[in-house]
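Each of the next two complexes has subunit A plus one more chain, namely subunit B in the first and subunit C in the second.
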Partner chain A sequence: MELTKDILLDLHRRMVRIRHFEDEAGKLSESGQMPGALHLYVGEEAVAAGVMVHLSDEDQITSTHRGHGHLVAKGGDFKQMYAELYGRSTGYNKGKGGSMHIANVDAGMLGANGIVAAGPPIAVGAGFSNKYRGTKNVAVPFFGDGATNEGSFHEAANMAAVWKLPVVFVCENNGYGEFTPQAEHQAIKDITDRAAGYGMPGIQADGMDAIAVWEAAGEAIERARNGEGPTLLECKTYRYYDHVGRSGIGLEYRSDEELDEYRKEDPIPKIEKHLIDNNVLTADEIQAVHDGILAEIAEAIKFAENSPLPDPSTVTEDVYYTG
Partner chain B sequence: MTAEATTEARQLPYILAITEGVRQSLQEYDTSFLAGEDVGLAGSVFRIYKGLYAEFGPERVIDSPISEAGLIGLGVGAGATGLRPMIDIMFSDFIGECMDEIANQLAKTRYMFGGKTTLPVTVLTMGGGGINLAAQHSQSLEAWLCHIPGLKVMMPATPHDVKGAIIAANRDENPVFVIMNKASLGITGEVPEEPYAVNIGEAIVRREGSNFTIVAIGRMMHEAMTAAEILEKDGIDVEVIDPLTLQPLDTETILTSVRKTHRALVVHEAVRFGGIGAEIAAQIQENAFDDLDAPVGRIGAPFSPVPFSPPLEQAYLPNAQKIADGVKDLIGLD
Partner chain C sequence: MPGPVGIVANPASGKDIRRLVARASVFDNQEKSAIVRRVLVGAMAAGARDFAYLPDTHNIAAEAAHEFKDKANFTEVQITRTASTMDTVYAAQAMFDIGCSIVLTLGGDGTNRAFAKGWQNVPLVPISTGTNNVFPGLVEGTVAGAAAGLIAAGKIELASVSNQVKATTIEIENEEDDLALVDAVLVEGGFVGARAIWSSEQLKTAVLTRAEASAVGLTAIGGLINPITQSDDTALVIQFGPDGELINAPIAPGLYEPVPVISTDVIEFGETVTVEGPGVLAFDGERERVLRKGQTAKLQVNRNGPHVVDVHATLTKAAHLGLFLTK
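Up next, the complex of A and B:
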């Protein structure tokens, strides 16, 4: 696995796409233009980018309530994404799902999910399918620290391990489940402590560093593709905004100092420094990346806003397959 | 209720009536505690328990891991051993996570043990749609619970009743679900300051009328009251009944009304097929067939998950106009 210039550019690009997508969505939600509740991924971009660079459309992921970042990193189209968040018929889910259920099965994104820890068992199913069908594909469930306290997570990890399935469990440990700090919801600091209990390797990566995630994920995904079974990859990360939306419900549950500490670790300036130091991009070229993405976003938002709302008669469509 | 007569009519929003009901329950029994995800420091994501953590401390207002099966199990085990647990399941949609603990443990333990244990467990949970939270955060699943012998199920529609239901549930020696409504948190109404319980299993006649009975569950009670006003203009005098408790159901109050009005419509936000409205309609037809001038109607959500997009969700949910139209249909007006 060589960290080529193309991979660096790819990691950067995916992170910047997520950052701006989320910032703009957060603003639209705050101003009341966008309905529903948004769980923003800002701060955690290195995890999605570092993992997704290794995956093709034939590899599957399952996501969480905090799912936009995963879909953007898996190649999600801004237009269809914003349209879905706006509840328009041109959205990925025709407006039926919204933020918490946004999906693109064609690209192996098996959905954001409103149920904490619903993803890991589904990823086990996808991993089983990959093995059954004789492919080399892997399934990657993303889930939070809080999710590792649900029974479904443990059942999934055990099944994947005992059946040696091509599944890489990626825990995004951002230190909180909603407003509850990790120390108050589990008696361990490292989620990887649990890996031994399932009989799988547990590895950690700095979730504020896309290159570190890329390295660790590469190793785990390689193992899965080679039929050597699952891995639990824990990425220590941080969310910059509140649990829901940018400013949330105005609760004081973590300190400004803590947030500042993690702001200093912002994965985007970090990789940009790396790009400049290694003469991959100049500051101007980096700015051009941002500008291009922002322009694409502006156009996508316009597309979404001008898209039709779904017809009320479609409420009962798609409950069953009818041919 | 004599207590009401002695108290100045105080207005309180539904959200604060919940807080007060839990606060007074914790005051009433040293053995009571509240446990759930983010119920402590945050006072729940809905802020319904705001202040209780500071007041009662982390021993009695307990932030739990995200482990719903564990939470209901906590209620069963603690309830069987002398405590009086109040368990919060943030969204009623999450009962799927703990359905074994609910259906096979909480509900059945007393019976299976030959009546040798009691489980004075209250489960507080938030149901209903209307605020664009999509398919997994908007459901009305009361019928799942009502089908399980051993559970009591309440769906309070007003601030008065949500407080009284919480206190009643906590005083009851049986497992009681209080399904609160997230779209009603801002509704204001009269709430006496002192602790009081509503009667579990007793329906409330919200509006007296002579031509037509609407049985409206949970938040739909408010929609039915508006529908009654619309219908009044057409000369239809509607009686609105709020069952308040669905298990056990106060069939008598409903039948008394239908025997007077000769027509009935049952309304709930839950999916119509297999909803509790089917049970109520069946009971009316079994017990008051000769008094009926028309089939008993039912209004509920169509047979689909709750859609996200606002116009779809509006089309999905019953409302006052749909209820009024339903009544006119049954009467043969249009």
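Up next, the complex of A and C:
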């Protein structure tokens, strides 16, 4: 795999899009303008970007309660995303999904999910479909460290391995299951240690480094496309905001010092330094990327705020699949 | 009385991308903890009672120590934890400061390199739990622990059963120096990424402290052309390029690659090899430092690395001295 300038720019752009989308959404939520709880992806951008660069719209992903970043990285449109978060009828799911059930099946994003570990079995179904139909497509479930304690994860991993399905299990291990430190909810620290139990390879990547994730994910996805079966890829990462919202609910479960250490590993300044050092972009050009995305976000928020709420008469529509 | 036995178990060893791009084995942390337990049993059987360990982020050593807390004295070395390679470097410095008489490392080439960065001439028993294991040998923890214990208990003199190994020091222009124990290589590219090396096309220049035909990793390339042992007071420099002669070498576990070699040169201790960026410097199998265009690095091999204990020789000597006889 060659790390071209286009890939570097793509990684950077996807991460910056996630960061600003989430920051603005967090502000709107805190000011009471946007309804509902938001689980923000800030800090973990390198994982979504590093994986998604390898995927097309025909490749499927499943997401988590912290799902905006995955959809943004999968090419989500800001207007439809903000509209969905605002509960407006112009949103991806006509305003009925909201933050935790946002989906865009056309782009292969099979949905965020409020149920921990609900995504992996769905992705395994998509992987089975890919294999059955003889496509070269890959399904990628994203999930956290806590999800690997759930039965649905074990069942999904087992089935994917038995049937050698094109699935790449991406664990975003941010060290906490909601407010519970990993050491208090599982006796292992490396999710990769679970892989041997299913008969699949398990590898780790630095989830605070988009290039490291890109490289590792690329190999795992290529392997899946070639019919060699699933991989468990664990990305060690960190969320900068609380479990919910930006400032959270004030529980003391992690230290400021720990947060400061991970702030030093921020994946966006890291790749921006790389872009400058390798003469890919100047500092001014990087600022222009940020400014352009912020302008796009401002327009999208305006679009969402001016969009109508769903009509009450549609409340029973889109509840069940009708073929 | 000699100082305590130091124990460092690297939780990150044996988990990188080479399980995918090559066929390396996964080393889970439960097994590493089991090895530490066996090490402790061996060391205590040999008479050691004082231990110091790195409080690794996965509690590998701490959990093992807990099992024996009533039978021996354990000190957790105080370091600022970073959950990175630096933990091993800091542990080395701390173990030097508290006067460890011998250190056991669990990891691969990278782990031992990191430890040597913190304590370059450490008396060492390296146990292989990594991916490429040229530096640490395959040795059972029980007897590795026994060998360390004999030295820590003052029953066997370190100098009589150890050899100081070679190391490559790397002076990087305008940056901190670095260190490699087996191979220091300039590869193409501009990023560290997933760290491991699994493509021979990337290789530009290698300096090998040892070139072993029966090893796996970049050292095997030299070993299959011009073997140099750990005891030779020389090193090998290899230049790579697309027009070179192809040598089929196992550059990672389960991965033979045709490697284009332009030249090999034996160098003496103290000779300087200069490489120039752009590129990435990889040490002991992992990409570590990015060299910018025009930035230079000067590499020099000397016999100034760790003092590595010969476990077999130590236990044989103990047998001749009757050290394990009980009345």
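Definition applied: the second predicted complex is superposed on the first by the 319 of 323 C-alpha atoms of A that agree within 3 Å, B and C clash if a C-alpha of one lies under 4 Å from a C-alpha of the other, contacts with A are read in each partner's own complex, and residues count from 1 in each chain.
FYI, a contact is a pair of C-beta atoms (placed from the backbone, for glycine too) under 8 Å apart; a residue touches a chain by one contact, two chains touch by 3 or more.
None of these values were measured; they are calculated from a predicted model.
*Asks:* Look at A:L259 in the shared chain and tell me whether it touches subunit B only, subunit C only, both, or neither; answer first, second, both or neither.
*Replies:* A:L259 sits against neither subunit B nor subunit C.
*Asks:* Please work out whether A:E219 is in contact with subunit B alone, subunit C alone, both, or neither, and reply first, second, both or neither.
*Replies:* Once the two structures are laid over each other on A, A:E219 reaches subunit C alone.
*Asks:* Let me test your reading of the model: by the given contact rule, A:I276 touches which partner, first (subunit B), second (subunit C), both or neither?
*Replies:* After superposing on A, A:I276 lies clear of both subunit B and subunit C.
*Asks:* Looking at A:I188 after the superposition, I want to know if it touches subunit B, subunit C, both of them or none. Which is it: first, second, both, neither?
*Replies:* Second partner only.
*Asks:* Considering only the touch criterion stated at the top, classify A:I7 as touching first (subunit B), second (subunit C), both, or neither.
*Replies:* After superposing on A, A:I7 lies clear of both subunit B and subunit C.
*Asks:* Could you tell me if A:V289 is touching subunit B, subunit C, both of them or neither one (first, second, both, neither)?
*Replies:* neither
*Asks:* For A:I115, decide between first (touching subunit B), second (touching subunit C), both and neither.
*Replies:* first
*Asks:* Which partner reaches more residues of subunit A, subunit B or subunit C?
*Replies:* Of subunit B and subunit C, the partner in contact with more residues of subunit A is B.
*Asks:* Check whether A:T314 is in contact with subunit B, with subunit C, with both or with neither, and answer first, second, both or neither.
*Replies:* Touch partner of A:T314: subunit B, not subunit C.
*Asks:* So which positions on subunit A get touched by both subunit B and subunit C?
*Replies:* Common interface on subunit A, subunit B vs subunit C: nothing in common.
*Asks:* Would you pull the subunit C residues touching subunit A in the complex into a rising list?
*Replies:* Interface residues on the subunit C side: 11-12, 15-17, 19-21, 26, 28-30, 57-59, 82-83, 189-195, 290, 292.
*Asks:* Using the touch definition up top, name the residues of subunit B that touch subunit A in the complex.
*Replies:* 37-38, 41-42, 45, 47, 63-70, 93-94, 96-97, 132-137, 302-305, 307-312, 314-316
*Asks:* Given the complex with subunit C, which residues does subunit A contribute to the contact?
*Replies:* Its residues touching subunit C are 3, 183, 188-190, 192-193, 195-196, 201-205, 209, 211-212, 214-216, 219-220, 223, 231, 236, 261, 274, 277-278.
*Asks:* Okay, in this complex, where on subunit A does subunit B touch?
*Replies:* 35-37, 87-88, 93, 95-101, 113-117, 146-147, 149-152, 177-180, 184-186, 243-244, 249, 251, 253, 309-310, 312, 314-316, 319
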